[in-house]
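Following this line, the structures themselves.
In what comes next, subunit A is part of two complexes: it sits with subunit B in the first one and with subunit C in the second one.
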Partner chain A sequence: MSAAAPRARDPYRWWRTGLFLYTGLFLTFLYLPLIVILLLSFNDSTSTGFPLQGATTKWYAQVLDSADLIAAFANSLAVGATAAVISTSLALLLALGFRHGVRGQSLVLNLILLPVLLPGIVGGIVLLIFFGYMEIRSDLWTTVLVAHVNYVLPFAFLTLYPRVHGFDRTLEEAAMDLGATPLKVFRHVVWPMLMPAVVATALFAFTLSFDEFIRTVFVSGHDRTIPVLFWLLVVDEIAPHLPAMAVVIILVSTALSLAAFAIGRRADRST
Partner chain B sequence: MPRPFPGVRPIGKPFWLMLPGVAWLLVFGLAPVAFMVAVSFWRSSIFGTTPDFVFDSYARIIEEPLYLDLIVKTLRMAALTTLLSLLVSYPLAWFLATRRGAWKAVWLVAVFVPFWISYVVRTFVWLPILGRNGLINQSLMALGITDAPVEWLLYNEGAVYVGLVYVYTLFMTLPIYLALGRIDPKLLEAAADLGARPWQTFRHVVLPLSWPGVLSGCIMVFLLAVSAYVTPRLLGGTSGIMLGNMIASQFLSNNNWAMGAALSVTLVGIVGALLLVTGRWIGIAEVFTGGKK
Partner chain C sequence: MAAEAVAVSIRKVGKRFGNVAALDDVSLDIRRGEFFSLLGPSGCGKTTLLRSIGGFEAPTEGDILIEGRSVLHLAPYERPTNMIFQHLALFPHLGVRENVGFGLRMKGADRAASARRVEEALRLVRLEDYGERRVDQLSGGQRQRVAMARALVNDPAVLLLDEPLGALDLQLRLQMQEELRRLQRQLGATFVFVTHDQGEAMAMSDRIAVMNAGRLQQVGTPAEIYERPANRFVATFVGHANMIEARLTGRAAEGLAEAEGPAGLRLRGIAPPHGATDGGVLAVLRYEKLRILPHGADGEGIGATVVEKTYMGSSLRFACRTGAGATMTADTPNAMPQRDIGEGDMVRLAWSPEDVVLLTD
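== the complex of A and B ==
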């Protein structure tokens, strides 16, 4: 593949053309269903499907007017924010503890990674059994919150730990030499340096929680998050407003993810 | 494990710092799993599930073809999904890894952004494509290829493969892309200078070097596919159901907690066995980084 070789004799030319065509095919496979959903969301027909019957925005009006969707949105925001704060705090404390090296550390690391390795459906079922046997009712602030913190905590730890471990500790040593107490060092040296990473981690945790489905669906009781609400509607019957709802959910969660990503990046860069 | 910080005193004893997190993980992480293992040995009858220590549920899983066949079928489906994802992802990963300049970012965004969308929605979008009034059937009929809608597009095993590959193939593409990106282009030039045909270079240079990425992609996709619930439930009909659906039905309709727990333990056992076997070649942490230590 040297640049000096004449183009016509480039032995990889056919490979390149093939790969290019293949990627085009893959992107069609990737985007076609999304385009179809977008078309159907404007389709003026009471049956979901083709042929298209003319354009309407009434499905969007119906979706945006739906009290269920608004309640589910509020639930998702509330539980996402709470799970993000709890999991990020726990992860930060764990990471700070890990810095100083304690016995049994690898055991704790395995404990942290357990929820990632546990199949998602089992992650929900174990809480259903556990809380069910203790006769604690499944709802947003019991089982759903626990399920989300369990799911998000390993990711929060894995993103925070390299930052907590990686920064320049000579600054801490200098502050110590100048007579600062450990608490003062943390407050004035460590925290200002870690804060951006903590914010970025919390926002990442929020987006993970917002889209969580499989650990939530069996333990959500009468409360619904957005993915659970959509699932229950889809399983019930294919209603004509579902494509519009799918588009709204795609837009909302993409917008939230992008916002979280942008804020996290900005906070992280300002140091 | 990290080196301790000799010159810096922690703000608290590491024990106290780690206590809240460890307590959470023990109470809400480990204890429910341990409890599920215990429940899998309970006795189940029409009156419900009662504490005991019997192997009834496991015996039924082994003896009744209903369960054993489903486990075998689930393993087969997960394996085939993994193979299909590998075939779909490898050329794509190579294409992405060989892009240069500003276009590289464009291609990466185009390929990876759709995977940000919830998989519940991404599974649902196949219904209006494969269904009776779906895009494929209506196109076939409009073109005069068939007179009536083709029924076998949806609610069978085949539809589940389409859905699972669509939802999970990113987890194959990403690690292979990362592994291919780490190959020194000079190696390919050297192979070409020594007279290797493109296929020979691929076979003897590229493929072996991308092996860690392939392995971590296969592990991830297999683990996700073997515990699938959403895709088989939505696209599989009765013939396409998998172990995850059987587990859910023990709680949602059969009300047999002991059996549900035993099937869950079986699923965790499958996952654990796979990680144990592949652990000889690749560590668990490296699975997430495409084989990079």
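== the complex of A and C ==
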């Protein structure tokens, strides 16, 4: 090859540079607020905002000391776990039933998924009117739990149904062929194979419940969940530890979602 | 046949899905210790019949007896059968040993005895070193063997095999055929094997049932099926044959009959069993039973010209036109003297009357 060989021009050079800049802007837009919150959570100042006054961890200490926050956290955990277990169980039963082919199945399927499209504010108002009409007092274990299950169930079904539907029926036949009664087929084959998907669904349902705000604010009464407490803090008072609380909640939510995602991937590989 | 020698008795079994008959009046007996194949094209009902024996389909008519007892009222988990599924259906969440031991565990067998039998079954299929593996760590052939061990460890009265070799490539397939045959002989077990591959059925079976469109066409040994097909379907589905429409012209000695084909071709062959003295018959002559001889050979046979020569590796195929205008095809080994015959050459075609089967249907 001669030294004077012309360099081939990269026809996509400008396109590549543009894409690079665009991606940078996109990520900044997504993550800048989070970074700001993180910085502010360590800011040694009683007023939330810039300029930064110096670093401190006292807001985190205050967060861990706040009785309100701990109570709300406990409420969110408890109601989230309960809603997750109930909605995942219902979704599992429904999905298992659907495998046998029900008359009008696609209509039922669509009816189950329709509430996903319902705006949260409408859902909240509808629930408020409904509970008022039924004379049910707003409380964590009645109205809030029902609201959360009601909200989470379609999502849980949506997550679980494809995995249950895709389950290889010949595995059940094989188990039956080897002497397993229907109950044993479920216990030794169907359940162990679906369990990762069920756990992933439950974690997903939990994060949905944990984050739920609009419906909850309508029906929560005196019991506060984390999002409701946040809202009250922002509206009612100056709360310099708010960014620290936000960071804690972000960490908890992200960890759970990643766990759900990882378990879900394992479930996909095994089926 | 003595009743105690029958492992599975299919009696006038029918299965209708709406108006479609997947099985239509099927009756046959499968003997104990026999390698029995159900052979037919896809949709012929062979898998439906197999699944009916296993309890996964409920016949709408007739009865199925295993070891002399009707099993129609029994669920799959109550039947003395085990099945090897088309795609094996190994449990992906269990290891090799747990897969093989699944049946014993479901029946609540004694742990120590089960463990011993599992090892024995693994040894039987030559997988004694693979007990700890996960199923997805095995090759195709090893998975086949796990499926066999998982079924055989339960010592079934009948082992049902639903085209388990269908997904394998040719070499492995031949190897597994041999392996299955070895196991069946060694255990003296009754195997019912579904396949659409006639070569596979021939190579492995003691007897074959040929099925088409839900109906039984013929039951017999591979040689009977091949040499004496009962009807046009069997003659076409199994092997390659010259099929010559002819008219019966008279009976001859020793079960032979005379027939006349197109262009005055005179044929002598095995007479149809049900004494159709006059009328149309189908003369069936296997390609390889038709001998093709160089022109110079002695006066045996009839004169013909080679129209097309096809090279097939171990054999050669010659399509020939007889002097009178009939087309006949012959397969010969790829060897002298036929190797040197070319297209357009004059040849002589000869065959024995015992190799021609005259069919009425």
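Here is the rule we use: the second predicted complex is superposed on the first by the 237 of 271 C-alpha atoms of A that agree within 3 Å, B and C clash if a C-alpha of one lies under 4 Å from a C-alpha of the other, contacts with A are read in each partner's own complex, and residues count from 1 in each chain.
Everything below uses one rule, namely that a contact is a pair of C-beta atoms (placed from the backbone, for glycine too) under 8 Å apart; a residue touches a chain by one contact, two chains touch by 3 or more.
Note that this is a predicted model, so its numbers are computed, not measured.
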With both complexes overlaid on chain A, does A:176 touch subunit B (first), subunit C (second), both or neither? both
Is A:101 touching anything from subunit B or subunit C once the two structures are fitted on A? First, second, both or neither. first
May I ask you to decide whether A:253 touches subunit B, subunit C, both, or neither, giving the answer as first, second, both or neither? first
Looking at A:168 after the superposition, I want to know if it touches subunit B, subunit C, both of them or none. Which is it: first, second, both, neither? second
Of the partners subunit B and subunit C, which touch A:193 in the superposed model: first, second, both, neither? second
One more residue to check, A:83. First (subunit B), second (subunit C), both or neither? neither
For subunit A, what residues appear in both contact lists, the one with subunit B and the one with subunit C? 173, 176
Given the complex, residues on subunit A that touch subunit B span 1-2, 11-12, 15, 18-20, 22-23, 26-27, 29-34, 36-37, 40, 47-51, 89-91, 93-94, 96-102, 105-106, 108, 111-115, 117-122, 125-130, 133, 146, 149-150, 153, 158, 165, 169, 172-173, 176, 182-183, 185-186, 190, 211, 213-214, 218, 227, 230-231, 234-235, 238, 242-243, 246, 249-250, 253-254, 257
What part of subunit C is in contact with subunit A in the complex they form? 54, 56, 75-77, 81-83, 85-87, 89-93, 102-103, 105-107, 150-151, 154
Where on subunit B is subunit A touching in the complex? 1-5, 7-12, 14-15, 17-18, 20-22, 24-26, 28-33, 35-36, 39, 88, 91-92, 94-95, 98, 107, 110-111, 114, 116-122, 124-129, 131-135, 137-139, 142, 166, 185, 188-189, 192-193, 197-198, 223, 226-227, 229-230, 233-234, 244, 247-248, 251-252, 257, 260-261, 264, 267-268, 271-272, 275, 284, 288
Using the touch definition from the top, list the residues of subunit A that touch subunit C in their complex. 168, 170-171, 173-181, 184, 188-189, 192-193, 270-271
